[in-house]
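Labels run A, B, C and D following the written order; every chain starts at residue 1.
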């Protein structure tokens, strides 16, 4: 019961799976050549990063890693549709979205090595666009009302910023999803909600998540608009996001559903033995990168050699970034356990830090390794 | 300093009002906090003073309230979120545990979670289910929260002021039983009472009684009652439950060697256990008798008139004091 | 910004506010005279019970009481649409629904006096239809997924029963609402969801709960149908519920929105000082009982004297029931604190019960009264 | 009795399988429990054996899972609900606290809430945030729940069987660190280990160590290690945390007069406090030294490699044993 964009009358698309495209719609985007190139670069970089992460996980250097194969257009497209001062809170596997916003690769990787994140800029005002995010959540769905609160706060402070929040087809089943969309509708907040419907939540297929035909249909229940987009078409994703962002800036939230398919496993812990290969293949034929390559070739923006060179550079950058990240992560000290538990910590935190240090110096780090 | 005579709930409203006047990044959100001034009128007048932009009646969703407050805090706003009764916080716990308590750690200090979650708590108003919950222990156990419980109008104002200014998420539990039980002189000016400092409400040398919130008053009554039998009880109102004022607790016990802990929450797994463990770790060799716990029973909170039998009262506290003195 | 059924093209109605009615639709209901009379009797009884409860609360005999004035048609209508073996989980103020199902008045009142409920029948099989409910919840919205679970379980056991669950315009903002409707859609469970949109959640008006035009619009997001009904028209509520129950019995859940208005205060603790009298009056003119009286008169089912007699009998029954309930409640013993905390209690419960008994006998009950 | 050699996670699967075979009102629901057999394969083979009617992959909503399980229990079904990791239980807490724990009381026994909520719990698998939570204390504190934590394959099977048969809501926490750490002979037949009974894993006369779950193994190692120094430690695996086996705990302490409590959960407000309070209420005059707590630090659970420094280990337990013997 896998779903395809073609089955829906109203699913937005610019480039078809076979690479043919709606020229008028493509031109209307008014994207410069370098911008079109950048979208490609981000998708390729995301895929290269995924591959690198998987390798490192198999080598035992990463404990855990999540896959994004086939989802790159949806991730890159939403990020491209945002303005520089806008905010983006995604879930874990949306590497492409961060790459498109300029986030250093090692920074993305460090989250997987340490579980926490760091920012360069001290204050929000100084933040680069890729820094305009909250740390990743792990309890799926919890980011939804949080993003609503974030944009509510930015609006109260007089900033003209929009927030985009991503959630999965699984996460959209949570109560937080409901609360977040409902608050945004009532409070007229500048938030774009994106359901990345990749049709699986670990081993649970989308028809076990919802009996609705689309997630976009949920928007009317919150008093705003929803739209269904071919999540493997980077241009359609870009256009829909841009439109939604504009609308949100005027106080009308919007819901996008990116219909796509998770071709990879859920994560490095997932045996991925619960679904039909035929579905995966059908979606393999709708690969977002290949489809976009056809467009770029036809438009004369790149030739096949360019693709090759870009892929190689992306692999290289992923490899180098991983090395840097591993170096940085290697410097963890046991007492980081206590870092920033509080902004204004009680004294017993210091006492416990001392106690741990003493134990480590007495017994050696090895005694702590299970 | 000019002073006025306030009830605890009026002191809460005043602290909110003053901080909102002082700092325009402070806002108030919750169910019915606005035009109606809250079901206990704890936010009375705040809407009129600051208007609908800064005093917001939200949809009925504690998940939404907690989640939005976290996002607001991350954005640079200092939200005061009201949960109508602490028993309705449960729906917000995922947001609070998985994010509010961790935002600072997981962003290595980039986004602190400066928010206050206020809720009327504890029993004593003869209300339906979930209107009498005492759930301080589940917050104290999770690293990252601060937990504050005032027991007087003066403290309510000063502690709430400090809580709003504190950079960490503060769970501010207001003992609803004594919202209007008595008045006290409270300075008109704004002032902060430091989080983490207990108050010795009565000095004594024979036994230390540790308590907080609405239990402070029956504890003081019991202390006065046993004074007639020549027992000199010290009453320590913890005021902050996370972080606890370990020093004051331990010092008092070293002096008396005997202790009673009084709380409304059920006995098993309640904070009396934590305090006992602390005392016997830090001061076992001063201890002269088992530490008594006077707590709510391990019962699903009984309703209406029946709650009288659930809540510790002066008679039970007196018995406990005498028991520890008897050993 | 109060809402009225007339503003919606598709709001179901049989009897108009002025008492005129759609004869064809009324006849199509195929209700017997005694059934039509019973609907009236239940509404009047609910209103009489409310009045009695308010009086007793003011006299200090009840600690707390909730008002139902103006909502009787919605409550009675949904109950009438259920079959005898069906289940009904409502929130607090839906007296009329219980009365229509035959629940003894003192049993309704005892919940307010003691906070818990008791059943006559030992097993579900023996239950009368009014017993086919779970105990009242207090955390609004939590009943929604619970009812879904209940009906899932009944279905698994082979019973052909439908469950109806009521939730308020406020409660529908909770995550439980979302989870419950979503589960029912996915699992195709026999559940009818009713949003009693009385336009207020304590002091919060419906436009602060949702930006959607109707709650019925939410159904599409869960893959089933929703419909908007004039909640002050008992016949329209009956018809919509009956249809929904039939549909649910075949495995399709359904969402009803009963658009009505809470004319009374939220509860005995509510100052009710936050809204416009004009709204209340406009809805006073749409009173469900008066509207139905016009219908009954026109149909020759009752004459004005009958109304008077029924009202008096209802007042009398409410008064008598309250006396019985107060008598029963007066027999509470302190150790009830420990009753049924566990089905299979640990021994320390007994020890604590003993300890309490001892304390009470030592100090007297008075020492415990604050 | 025929026996087989099982890991703890296999024993869990077997108990589920056997109870489902025995009683057709037992069903299994949760995220990914069906075709995939659960992220830890704790329900492997169950779907194949009992099919999609009785083994249900639910939408991703812990509120929904908990809420549906409560309704199922009320209907006469005996649901086993899996929460994928105990840290995701938070979203279900409102349902659990406000209803599961109260259904029996508020219906005066008409609707018991016979359900099991299973979740892999505790640290040790070097996973992301919320995959290492130890939250037993917040359930133990709320009257109405039973809380069970097995530490061996044999107990896992017998305790889960008893939990499924128990009429009260049981929170069954499975120490994921030892899901596959070792095998043990387990009877093939179905058997129940009574809820509420601790197991003395090692008898000793010098000091009592109270622990549960995955901490039992490092505790036993520490006990063996100190034996070489002539210290005879008794190790009590509580197995059930609510209700606790107060008798066994107190008896052991009366014998030894010294105690260490070991748990993964953060120190402040953890169950070590409860146990300490119990001991000093019931057996203060047997006590020879302060009771030591060896627990997780009061830190936001550290991730990946860093968790090694959070979890108590044999070295820390040994230190504590020596400390209490030194006094």
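Quick notes on this one:
Basically, contacts are C-beta pairs under 8 Å (C-beta built on N, C-alpha and C of every residue); 3 or more make two chains touch, one makes a residue touch a chain.
Predicted, not measured: the structure shown is a model, and the values here were computed from it.
Two chain pairs, B-C and A-B, are compared here, and A-B has more C-beta pairs in contact (counted per touch definition above).
With every chain reduced to the mean of its CA atoms, the largest distance from chain D is reached by C. The distance from the centre of chain B to the centre of chain C, each centre being the mean of the chain's C-alpha atoms, comes to 36 Å.
Our note on geometry: chain C versus chain D, Cα centroid distance of 40 Å, whole angstroms. Mean C-alpha positions place chain A and chain C at a centre distance of 44 Å. Of all residues in chain A, those that touch two or more other chains are 115-116, 138-139, 173-176, 178-179, 182, 186, 208-210, 341, 348. Chain contacts: chain D has residues 58-59, 61-64, 87, 90-91, 94, 98, 105-106, 129-130, 143-144, 242, 268, 298-300 touching two or more partner chains.
Note for the complex: chain C touches chain B at residues 63-64, 113-116, 138-141, 168, 170-171, 173-176, 201-204, 208-210, 269-271, 273-274, 332, 334-338, 341, 348-349, 352, 356, 359-360, 362-363, 367-370. Of all residues in chain C, those touching chain D in their complex are 115-119, 124, 134-139, 142, 144-154, 156-157, 175-176, 178-180, 182-183, 186-187, 339-344, 346-348. Looking at the complex, you find that chain B touches chain D at residues 62, 87, 90-91, 93-94, 97-98, 101-102, 105-106, 129-130, 137-138, 140-144, 242, 244, 265-266, 268-278, 280-281, 284, 287, 289-293, 298-300. On the side of chain C, the complex with chain A involves touching residues 173-179, 182, 185-186, 188, 207-213, 215, 217-218, 220-224. Against chain A, the residues of chain D that register as touching in their complex are 31-32, 34-36, 39, 57-64, 87-88, 90-91, 124, 126-131, 177, 267-268, 297-300, 302-306, 308-311, 313-316, 319.
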